[in-house]
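Here come two complexes built around chain A, the first alongside chain B, the second alongside chain C.
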Partner chain A sequence: MARSALRRLMAEYKQLTLNPPEGIIAGPVCEENFFEWEALIMGPEGTCFEGGVFPAKLIFPPDYPLSPPKMQFTCEMFHPNIYPDGRVCISILHAPGEDPMGYESSAERWSPVQSVEKILLSVISMLAEPNDESGANVDAAKMWREDREQFNKITDRLVRKSLGLAPA
Partner chain B sequence: MPAVFLDRLPLPSLQAYTAVSVLLLSCSVYYAVQITSDPEWKLNATLEFENNEGAKNQTIENRRELSFDEVLLENKIFRRLLEIVIFMIQEPLCIWTLINMAYCCLILVGKFIQKLVFGELRVSEQQHIKDKFWNFVFYKFIFIFGVMNVQFMDEVVLWCGWFSVLGFLHLLSQLCKDRFEYLSLSPMTSRWTHVRLLALLSVILISSSSLFVLCVFVGLQAGLNTFAFMVAECALVTVRTLYIIARYFIHLWDINHEGVWEKRTTYVYYSELTFELTALVVDFIHHLHMLLWGNIFLSMASLVICMQLRYLFHEIRHRLKKHKNYLRVVRHMESNYPMTSLEEMENNSENCAICWDYMESARKLPCGHFFHNSCLRSWLEQDSSCPTCRMSLAVHGDGSGGTPTGDDNHNNLLGALGRQEGEPTHTGNQTTNHFFHFDGSRYVSWFPSFSVEVTHTNLLGNRQLPAVQTSQLDNMARQVQQMFPHMPLNLIMEDLRSTHAVELTIENILDERLVSHPSPMFQANTTHTAISTQDSSQDNYTTQPIATNERESDQRESSASTSDWKFFEDTVFSLDEDTSESSSEDNGGLTRALSSMGHGCRFSKSPQERESMLAHRKEELFKAAKRKYLATSGSRTAELASDPEPSTSYSSSSVYDEMNIFQDPSNSRGDGQWYSIPEHHAPEHVTER
Partner chain C sequence: MTTLNLNELFDVNRCQHSVDAFALFFYFPIGLVLAVLRIFIGCHAFLIACVLSKLSSVRFYVLRVMCMVLGVVVKEEGETNRDRSMKVIVTNHVSTLDHLAVDLVLPCVLPGVWDLPKKLNWALGIRDFGVKQGRDVLIQNVKRYLRDSDLPVVVHPEGATTNGRKGLLKFSTWPFSLDHSVQPIVIQVNRPLGFKIAVSVIGSRWWSDLFCFLFVPFTLFTLRYLPVMTKHTEEDVEEFTKRVQVSMAQELGIVATNFTCADKVEHAKRILNVSPYIPPAHQNAQPRIPSTSAIPNITDLASQVKEVLPHVPLEVIKKDLATTKCIDTTLTRLLEGTVIFTPESVSSHPPKASISTPSTSTACLEDKSTASDSLFSTPSTAAQTFGTTAEERMQSYQDRKAQLIETARRRYKEKHKMV
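Up next is the complex of A and B:
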């Protein structure tokens, strides 16, 4: 029901506003639709995404805590677990029933006790440690394995781009 | 579907269409006036009048000849109009322009209602309307020419008129539904919007019931079949509209009332079930009636209707299946998970992990986790594990015995609890499985029967179980290890295998029952598995003071948030008077917010303020990130020059970066210059997005 989803989202929004985790900002851009959020994620320190601020949008279903939201980066991303169109492929965002990749157990998947904060934190850890088994972006996975230097060059460009700077 | 092809049809703009139809109408009226003023026509026409409404016309004629009073002048105009109208109805060309004009008016009325109630339509609403419209046109075309096989033009026109009005109502109610669903996504909508939407809904309801009266009148003359055909669509509109209104009122009630009323969800569920099933069944019977009555078993129309029937049947079946699942979950919960007692609730001050709301009463899972009755039910309808610890709950399989994993004491426990009730649910399972293999024998198969298929599904369930559980264990172990990195993973796994809950294992570690090498106490734990769970679930309460300050701080936080919640609830979920009030003080609030931009900022009452604060925080983050990036990239380039192999020593270079920020004052001064140049880009970037 939309109503309990609304209350829950409001509570999460409040929590994320009052004590936001490091490098994360999230909330509904326009409160006319509380089920569409925008999140800013800072690239984790000590990784090739360090320094970048990457915007993503989160779309919540009407039965929200029961079904996971969808997450999609709205900036250009290059990462083994992010589809070229920006959709994020991590197990926490998959409903328990479905298993598109066929490799993850239901324990890692969505459950109502997860939250926006946990999703964003696991996205940050995904940025830090790509899982090159999942082939959301095969090119990126291959490059991550084989040509790390080239990968870092690309991500550095993306970091600069995300900050609105001219490429180095 | 037909909608796809018809979608490509180029449609003229509304203004052009209106202009053309008005032009056509005036042309035909002019034509009618010309013809009727011709005395020769009048002669012919009067003869026809004589037949139809002779006496009345005669008197008018007589009076006209007798005197030229003002009243009679009016009468003359009236007569003239009557002449013209009668002529136009008889003349085929004119009647088409009239019909066209009628449709034009309908569209204009629709447009007017849209402007008045909905404003600009959203893209998805437009798409829905389009789909619905073309589908409706397609099926009604099939009905008129395929099923009714109408031969005469006037009949076609009458049916078209009838369906146009109904289709219009259908589209409006669809629009209301979409808009209502959209509005329910937002915490604050002005009361005026609700009033307008509800007014439109009741207008739809009133018109559909007056159409129903019309159906009865026509049906008295034209027979039962016509009545049934006419009334079906009417009933559909009525049921759908009523459904939307009911949901709307529930939603409004929800928004204005606090707390979770446990019984409410049940009522809402059953009312939804009734409405949905009624609509589906009415539609199904309507189509069946068409198929049987039309004598069209081997035509195109029958094919289309059969497909629709199949779809409807599938929908009904799906709905019933869902309902069975619901019933099974409810039964399972009632038999296996007891409602918590008052003192248990007092001990447990945590909120429901599903809705994050305060719990006055709850159901307790065997793993010791509490949830609202309704929250737990809607979760178990789609999954059969504890949301918190992922323990498998065997809602869909069987509860009683036969679990393959010997160390799975929880399942044994569960089985013991649900043994009496376990068997009926089991047969319930079978019937659902069985039920859907035999479409025809629907009512016979309500009785439980033990067929091969059932054992087959059971086997499947058993095979899947261990795989899930080992990976579940893995995950849980990793969770624990994150908190206690010094514990070896296999030890944690071992303990988890007996406790089956992350929390219990954590407590074991905290209480030093689980230490880096297996202690005798731990050994005892694993051997008396069945007892240990009951023990440790009680431990939850008895050992609470020992369980460190983590839990305590948790409690404090949750109690704080519940008290906050009331406050925020009042402000956020009340309707617009409050919003307008707080937006008037918005400016003051905004400046306050801007000046006090800390790390964690306050959560404003007013949505506008929240939006602007969020935007501001984002901007700040961008600025800070840019500043930092430029600072480090300055050092990074310097480093690149000195470091021969930058990419291999990746992690170490980032360490350098951090050190540079903190230690090198000259660099940070240098960064000021760097920073001043791209500063102009910063606001641009933010507004761009």
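Up next is the complex of A and C:
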């Protein structure tokens, strides 16, 4: 099982190396362990995360692609769908069986059709359009709904921090 | 989407038909003597080329005659389309001598895109524009050169040779960002009947190609000028590149494919790895395509692919394997979407598992990202090649990472007017 997972990860790594979507870099942290990847995601233009480069790690299960990987941002994030410890809560990362929040439609779940690229693209669209019904970070969801200005201030600080620039 | 297979773009064997091989057997002693003589004449021609200035008309005639003696005959067509003021010439790539053939009728320099020794570069009329320091430096250097010099540059945007009969490889965009207009030239190479030796075969070295040029009686290069093409203001570099590729393909009556030179390298690796399967006795007579008995059982390979991509129907995998005969190539093709299929549901999931299509927001993001990977508009994070060793890949990964952060930082500063 692990062999086919390795093969698939290698194929996806190659694909992402030669033909990556805009503003995304992903690959294994170290090729000794192909099941732990690191990804850099650039905040989408026209959103409050614009310009930031956010690192995240992806942990793949041995039966990948039957089961989805886990994804966690390794930098400070403030977003309704990202837990305070950086774990990402989006439907594509959940297999159809599990549904921790009980609200997801099964249409956007993990299946072997998906790929690392699609996960990262979903994360980018999540950054652009938070889903404030999911309460991965209740404070962030509340602020997103009620005090957008304050929310933008926080994300701008995060963008600067991710680029290693001094706060404004 | 192209219907052409990658392997149709290249020749595998020098001789396509066994009749040719038979005729060549008798010609061989003559050809060998001819080649040896031409090597000496070639040295003279080379010296003359070095001594005379690139723009003098004496050089032009002397060299053309000498090259004729050497077996390189150049014919021009469509001269009315030629514009001598054009600084950038783009041609298709069919042989190792393409740029010399162009140079004979239209003196020019070839920007070196390979990492060759300096002396060899100079001898071949190639100029190093700092390709090792990255594309941006290369473009800047070439642009600076074009401002100061009278000689145009000739570029083969395909990046690798093809047999010129079926399709063009995907053009790289950088030559089209040098200037607003380019002079396209299509090159066709012909050899006289009975000497139909392929000009370049997959995996061939330059010296074996060169030997073939000297060995056969002559090789005819037909250069056909196309009207100068200018980039429209509303067009980006990518679209302009594609437009030139399509019009050159039309002129040649072949297909403009989306295969890149990286695909050719992969293809060559595969063919050269497969070849030991063929019984040696057949090697000279037949094209080097493995017979079905020689390759491992397709069903075995297909089940391995199925393990990796459980959602792809088995028949699709088998069909593709029959052409590629390689697990990794088939995987790549399936993942890239070169091969189209309807996903089937995967049994190991709970019964309600329905195979999803990506949500609309993701889909439109994807469209956007595939539409633009041009040089300037977005920070492209694509690597030129996928390294063969872990170290190479890691190094490339680290480099691209640093580059992405650097670009993002610069942009942020520009946007927020920070110094």
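In the analysis below, the second predicted complex is superposed on the first by the 168 of 168 C-alpha atoms of A that agree within 3 Å, B and C clash if a C-alpha of one lies under 4 Å from a C-alpha of the other, contacts with A are read in each partner's own complex, and residues count from 1 in each chain.
Here, contacts are C-beta pairs under 8 Å (C-beta built on N, C-alpha and C of every residue); 3 or more make two chains touch, one makes a residue touch a chain.
Not measured: the values here are computed from a predicted model.
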**Item:** Room on chain A for both chain B and chain C (clash or fit)
**Value:** clash
**Request:** Identify the partner contact of A:Glu129: answer first if only chain B is touched, second if only chain C is, both if each is, neither if none is.
**Result:** second
**Request:** Considering only the touch criterion stated at the top, classify A:Phe35 as touching first (chain B), second (chain C), both, or neither.
**Result:** first
**Message:** Touch test for A:Leu121: chain B only (first), chain C only (second), both, or neither?
**Reply:** second
**Message:** Tell me the contact category for A:Ile154 with respect to chain B and chain C: first, second, both or neither.
**Reply:** neither
**Asked** So, does A:Pro20 touch the first partner chain B, the second partner chain C, both, or neither?
**Response** both
**Prompt:** First (chain B), second (chain C), both or neither: which does A:Ala11 touch?
**Reply:** both
**Asked** Is A:Gly52 contacted by the first partner chain B, the second partner chain C, both or neither?
**Response** both
**Prompt:** What is the contact status of A:Pro62 with respect to chain B (first) and chain C (second): first, second, both, or neither?
**Reply:** first
**Prompt:** So which chain B segment collides with chain C once the two are superposed: 63-71, 351-359, 495-503 or 639-647?
**Reply:** 351-359
**Asked** Taking the contacts chain A makes with chain B in one complex and with chain C in the other, which residues are shared?
**Response** 1, 4, 7-8, 11-15, 17-20, 23, 25, 27, 30-31, 40, 42, 51-53, 65-66, 95-97, 106-108, 111-113, 159-160, 163-165, 168
**Message:** Quick check on the complex: what are the chain A residues that touch chain C?
**Reply:** 1, 4, 7-8, 11-15, 17-25, 27, 30-31, 40, 42, 51-53, 65-66, 95-97, 106-109, 111-115, 118, 121-122, 124-125, 128-129, 159-160, 163-165, 168
**Complete:** Listed in rising order, the residues of chain B that touch chain A in the complex are 181-182, 184-188, 251, 254-255, 268, 353-357, 375, 378-379, 382-383, 385, 387-388, 390, 467-468, 471-472, 474-476, 561, 564-565, 568-569, 572-573, 599-603, 607, 610-611, 613-615, 617-618, 621-622, 625-626, 628-630, 632-633, 647, 650-651, 654-655, 657-658, 678, 681-682, 684-685, 688-689
**Complete:** As the complex stands, chain C meets chain A at residues 262, 304, 307-311, 327-328, 331-332, 335-336, 343, 346, 348-350, 352-359, 361-362, 365-366, 368-370, 372-373, 378-383, 385-386, 390, 393-394, 396-397, 400-401, 404-405, 408-409, 411-413, 415-416, 418
**Message:** Applying the document's contact rule, which stretches of chain A touch chain B when the two form their complex?
**Reply:** 1-4, 6-8, 10-15, 17-20, 23, 25, 27-35, 38, 40, 42, 45-48, 50-53, 55, 62-63, 65-66, 74, 95-97, 105-108, 111-113, 148-149, 152, 159-160, 163-165, 168
